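In what comes next, subunit A is part of two complexes: it sits with subunit B in the first one and with subunit C in the second one.
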Partner chain A sequence: MTIVPATPRMDADVLVIGSGAGGATTAAVLAEAGLDVLVVEEGEWIEQGSIVPFSLEQMDRQYRAGGVTVALGLPSIAYTEGRCAGGGTEINSGLYRRPPADVIERWTRDFDIADLDYDEVVSIAGDVEEALDVGVVPGPSTAPSDVLRRGAERLGWQHSEIPRWMKYTNGGSGQRQSMTRTYLPRAMAAGARIATGCRIDSLEMGGRTARSASTTLPDGRRGTIRFGDVFVCGGAIQSPALLQRSRIDGPIGRSLAVHPTVKLAARFADELNVPDDVAVHQVKEFAPELSFGGSASQPGLVALALSDQWATFSKAITDWRRISLYYAAITSEGRGRVRTVRGLHDPIVTYGLTRRDRALLGSGLARLTLLMLEAGAEEVYPSFRGAPIVRAPKDVATMNGSFSASKASVMTVHLCSTIPMGQDRAQCGADSFGRVHGTDNVWVNDASLLPTAPGVNPQGTVMALAIRNARRFAASGRHRG
Partner chain B sequence: MAEQFAAPRTTVVTGAGGWLGRGLVHRFLHDPARRHVKLLAHSTAEAHALASLGDVEIVIGDIGRPDTARRLLHGAGTDCDVIHTAGIIHPRLTREFFEINANGTRHLVEAAGGHRVRRLVHVSSNSPFGTNPHANDTFRANEPYNPYYGYGVSKMQAELAVFEAIDRGLDATIVRPPWFYGPFQPPRQTVFFRMIRAGRFPVVGDGEQRRSMVYIDNLVDGVVAAELTPAASGNAYWIADRRPYTVNEIVETVGRALADEGLEVKPNNVHVPAIAGRTAEFGDRIVQRLGRYQQQLHVLGEMNHTIACDISRAMNELGYDPRVELYDGMRASVRWCLDEGVEL
Partner chain C sequence: MLLADDFPDLPPDRRAEVVRFIERRAVTLPSFTRFGVFVIGALYRMLMAAPGGGRIACTLAARPIPIVGDYPRLVRSLGYAYIWDRWPDTTSTGGRR
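After this line comes the complex of A and B, so read on.
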């Protein structure tokens, strides 16, 4: 492994900022093409297995701000970002969805993306699936996952088991094939260096060209990295924030897209809680607008889900082994913004739900509640202030009568679209291959590029597009001879 | 097609003088297998009108009163199906919703259980389910209750009463029709035709909201299929035309049907911003909270929304096959109005 200490003066042909689904794949493709690559990651390199998945310790060490980050609005939307080597791939549910054909087609048309061929995307997706051991869980699924399957089956709703990038050894619980186990080792094997604990404060621009990056080292010292090209892969919040701090203009940070979700806790007759894993079934009957799935359900998170209506829900917490958490996610027509404010370390994020979004969140929560009752839930605790305990279909009517999105704990894990890719410069911050419009050597290659939220778990799409763009860059012959 | 019961010796219809009730009576009187048709009318005038249709037995009474259902089923025997269409949709006071729709159904299912009737078909509505969350959403066979104001709450309570009776052993099936159209239409539907003729139907927002509708003959087919399909017991079914229509399509098609029946139709030019629909809905809510009911506010508020349902469960399990679509159905409605001397 070539984890190098961050030093005040570093240089590379290509600097990759961030090591998640976008940065790790970019680094691997470019290093394997023979380029001199330096990856800089703000968080730590934490070996898998040294922290319990979905635990509070993980939130503390691998999430930005301990997992407490919020997009302001009515309601405010809590979101999470990974901040560690491997980024979000170290902490997310590990569910894999291929880039949807209709979404790629719509992006190509609506954002005027040049030369985006779906067959090429699918072929890259095939490589990714192989590299990450994408497959379904061998043997029976967990009890919380089976709740989704059973409820959907009784209602006649479409559902499926979502494959994961997990490697299963006989009888084992599976090893997530995150970036620290796949593309980052590949990048390093091909000569890439990675420096962790190092934050990039800004890119120093000279006209259209970024000359260097200003850094803050783990010990607080400042430094500089010189490079030929830079790939910004900090995710949909950090990437636009860095470009804004670097005074790069354009539609950057103005079109944040997310999949807002509302949650519920459901209590069953039998113990079913699996604290260290999430459900692999999703209900897609109402897709793409609505999808239902399982959420991380360790006791702390169960308590958090019950806290919206603590006065009446709190008694349930002692029963956490019989409780699991579920979400309803929507495709939102709302948009958010990422704005950097001078003097503040982190950007201000805002997000506004539309009237239709609010109606969909209510409908999603009600349909998910019905599914829980069909699956045999004894009590359902919807996560919004003033929510009733739901025990029967008639209680769902009461719940609908008191729901409003403004009272709900809305959260999201899928953040994207802050620097949309395409030739349409009115909407797109980057060109069809990720180069930031108006610059010669600043590239973005992460979830920021997705023109809209894709309606499915986005990691597969992020990786496929990042690999496509990195291959084009490598084939362009920059930094050779 | 699923196995079917034969027609019962006695067929009982509540709300027989209503829109659907008259459609059913018309069908049963043309079916020789229906030996004994027994009707509940709510007034002497209605009873006279029904008696003129053919060989029927009539009981006069208010379904909201506990003894009415017992009187209605007295002597009907067990080879008897009950089709419960009685209900009130546009009352003066909201409490009538509960007296008639909710309590009336409670009384009827109790009496039907006591008489061990063969099957009860309860005619529900889309209203217990509210409106779809967006214009492309479609209600599936199973949906959470989200009642649309007073009517919706009362129809939900009626469904719950039926499901509770099913749990106690009653053989019952629920059909859920959306907005009807077709012969036997009440005056409120005439207003709808007149507004379209005058080019003054208020299209709220962009008019791309979708509405499921059901032609009366399609609905009668669905109700009879629900009555006679043994496996339908305990289930609920959407009964509507094959597909939902957009409001724009409804206005255009009705205009064309009126014109093709020889009536002059002005181009429709009343477009109401979505905010007006929301304001009307808000007004409807306030008025209903005060215990009153205002039809125009209610209808305008609801027009802002999509109410679309998926009928595939009825097609698969009941063999329901809606034969009439909007244009033909609307022409038949217009013709019926003209034949009846209703001024459009």
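After this line comes the complex of A and C, so read on.
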């Protein structure tokens, strides 16, 4: 392992900012191509297994702002970002979806992306799946996951088990194949260095060229990193924020896309709660507009889900072992923005749901409630203010009548599209391979590049595109000789 | 105050620990959110210092006031999450089981 201390003066041929799904793959591809790569990560390197998944301690140590980040709007949408070596791959559900063919085709057409060949994307996805040990759970799935399968089968709805990037040992539990287990060690084995606890404040531009990066070190000192090229891979919020702080113009941060979700808690006759894992089944009967799945159900999160209507839901909390949380996610037509304001350390994030989004959230919650009842839920507690306890299908209409998105706890974990890739400069902040328009050596290679929300768990798509772009960069011969 | 209303049986030592946790988290909030929480927090403290203000503050906190209402809700939700993360067998009123 080559984890180096961040110092006031550092340099590299290629600086990679961020170490999540985009940054780790970029670093591995470039280092294996023989380039001198330095990865700078704002968070710390935390070994898997040293923290209970989905606990408040994990949120404290591996999430940005302890997991309390909000896109302002009506309603505001809570979101989370990883802030640790490996980024979001260390904290997400670990569910894997291949890049959807129709989505890649639509992006290519609507955003004028050059040379985006689906066969190449699928081939890279195959490499990723092998590297991450993507596969289904050996043996039976957990009780919360089985709820989704059972409810969908009774309703005749499409459902499936989603593969995960998890390595299973005989009789043991799974080991997440996150970036700290896979692509970061690969990058370091090929000579890449990684410095943690170091924030990049801005890129110093000289015309079209970025000359250096200004940093804040773990001890508060300021520093500088000189480089030939820079890959910005801080995720869909931090990447546009950094470019804006660096005074790089263009359509940057104006088109945030997310999969908004609403949640419910469902109580069953028997104990089923699995605090440190999530369900692997998803219900796709109404995809891509709507999909249903299971959420982390640690008791603190169950309390959170019940808190919107505590006066009537509170008694259920003592039964948390018989409760699990589920979500309905939508593909949103709304858009958000990421704005930096001089003097503020963090960007301001906003998001506006459309009328159709609001209606879809309501119908999604109603259908998810029906699914739970069909699966045998005794009581369902939808997460919005004024929600009734639902005990039978006849109550669902009443619940739906009292729902409004502005009273709901809307959340999201899939953030993307703030620097869309493509040749259409009117709507794309970066070109077809991630180079920021109007610059010579500033590249973006993370979820920001996805032109729209893909409608499925996006990590597989982010990794495939990042590897494609990094390979193209390596093949260009920059920094050789 | 918001927590006291929801959890009358939460022992004082636990209440103090929850408040410390919320304060610690508030410091790490993103700049704009932190500013909002502190401003709204100050207004609530002023309101609660006034005669009958406590009841008004709780009523306001329960109302879906756009954006402004999100701040007390955020702080309140942190308390809920902490209590059951730390002491999963807490009763619905905050007591020990």
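We adopt the following convention: the second predicted complex is superposed on the first by the 481 of 481 C-alpha atoms of A that agree within 3 Å, B and C clash if a C-alpha of one lies under 4 Å from a C-alpha of the other, contacts with A are read in each partner's own complex, and residues count from 1 in each chain.
Note that in this section a residue touches a chain if its C-beta (ideal position, glycine included) is under 8 Å from a C-beta of that chain, and two chains touch if they have at least 3 such contacts.
Every value quoted in this text rests on a predicted model; they were computed, and no experiment measured them.
Engineer: Looking at the overlay, does A:K394 come into contact with subunit B only (first), subunit C only (second), both, or neither?
Structural biologist: In the superposition, A:K394 contacts subunit B only.
Engineer: Under the stated touch criterion, which partner chain does A:A303 make contact with: subunit B (first), subunit C (second), both, or neither?
Structural biologist: second
Engineer: Contact-wise, after the overlay, does A:V70 reach subunit B, subunit C, both or neither (first, second, both, neither)?
Structural biologist: Only subunit C is touched by A:V70; subunit B is not.
Engineer: Looking at the overlay, does A:G156 come into contact with subunit B only (first), subunit C only (second), both, or neither?
Structural biologist: First partner only, subunit B.
Engineer: Tell me which partner A:S406 touches in the superposition: subunit B (first), subunit C (second), both or neither.
Structural biologist: After superposition on chain A, A:S406 lies in contact with subunit C alone.
Engineer: When the two structures are overlaid on chain A, which partner does A:H345 contact: first (subunit B), second (subunit C), both, or neither?
Structural biologist: In the superposition, A:H345 touches subunit C alone.
Engineer: So in the superposed three-chain picture, is A:Y183 touching just subunit B, just subunit C, both, or none of them (first/second/both/neither)?
Structural biologist: In the superposed model, A:Y183 contacts neither subunit B nor subunit C.
Engineer: State whether subunit B or subunit C is in contact with more residues of subunit A in the superposed arrangement.
Structural biologist: Here the partner covering more residues of subunit A is C.
Engineer: So in the complex, which bits of subunit B are touching subunit A?
Structural biologist: These residues of subunit B touch subunit A: 128, 130, 132-134, 136-137, 140-147, 153, 156, 160, 313.
Engineer: Please name which positions on subunit C make contact with subunit A in the complex.
Structural biologist: So the residues of subunit C in touch with subunit A come to 6, 25, 28-33, 62, 64, 66-67, 70, 74, 76-78, 80-86, 88-93, 97.
Engineer: Show me the residue ranges of subunit A that touch subunit C in the complex, using the header's touch definition.
Structural biologist: 55-56, 64-66, 68-70, 72-76, 298-304, 306-307, 310, 314-318, 320, 341, 344-348, 385, 406-407
Engineer: Residues of subunit A touching subunit B in their complex?
Structural biologist: The contact residues of subunit A facing subunit B are 155-157, 285-286, 289, 356, 359-360, 362-364, 366-367, 369-370, 374, 393-394, 396-397, 400.
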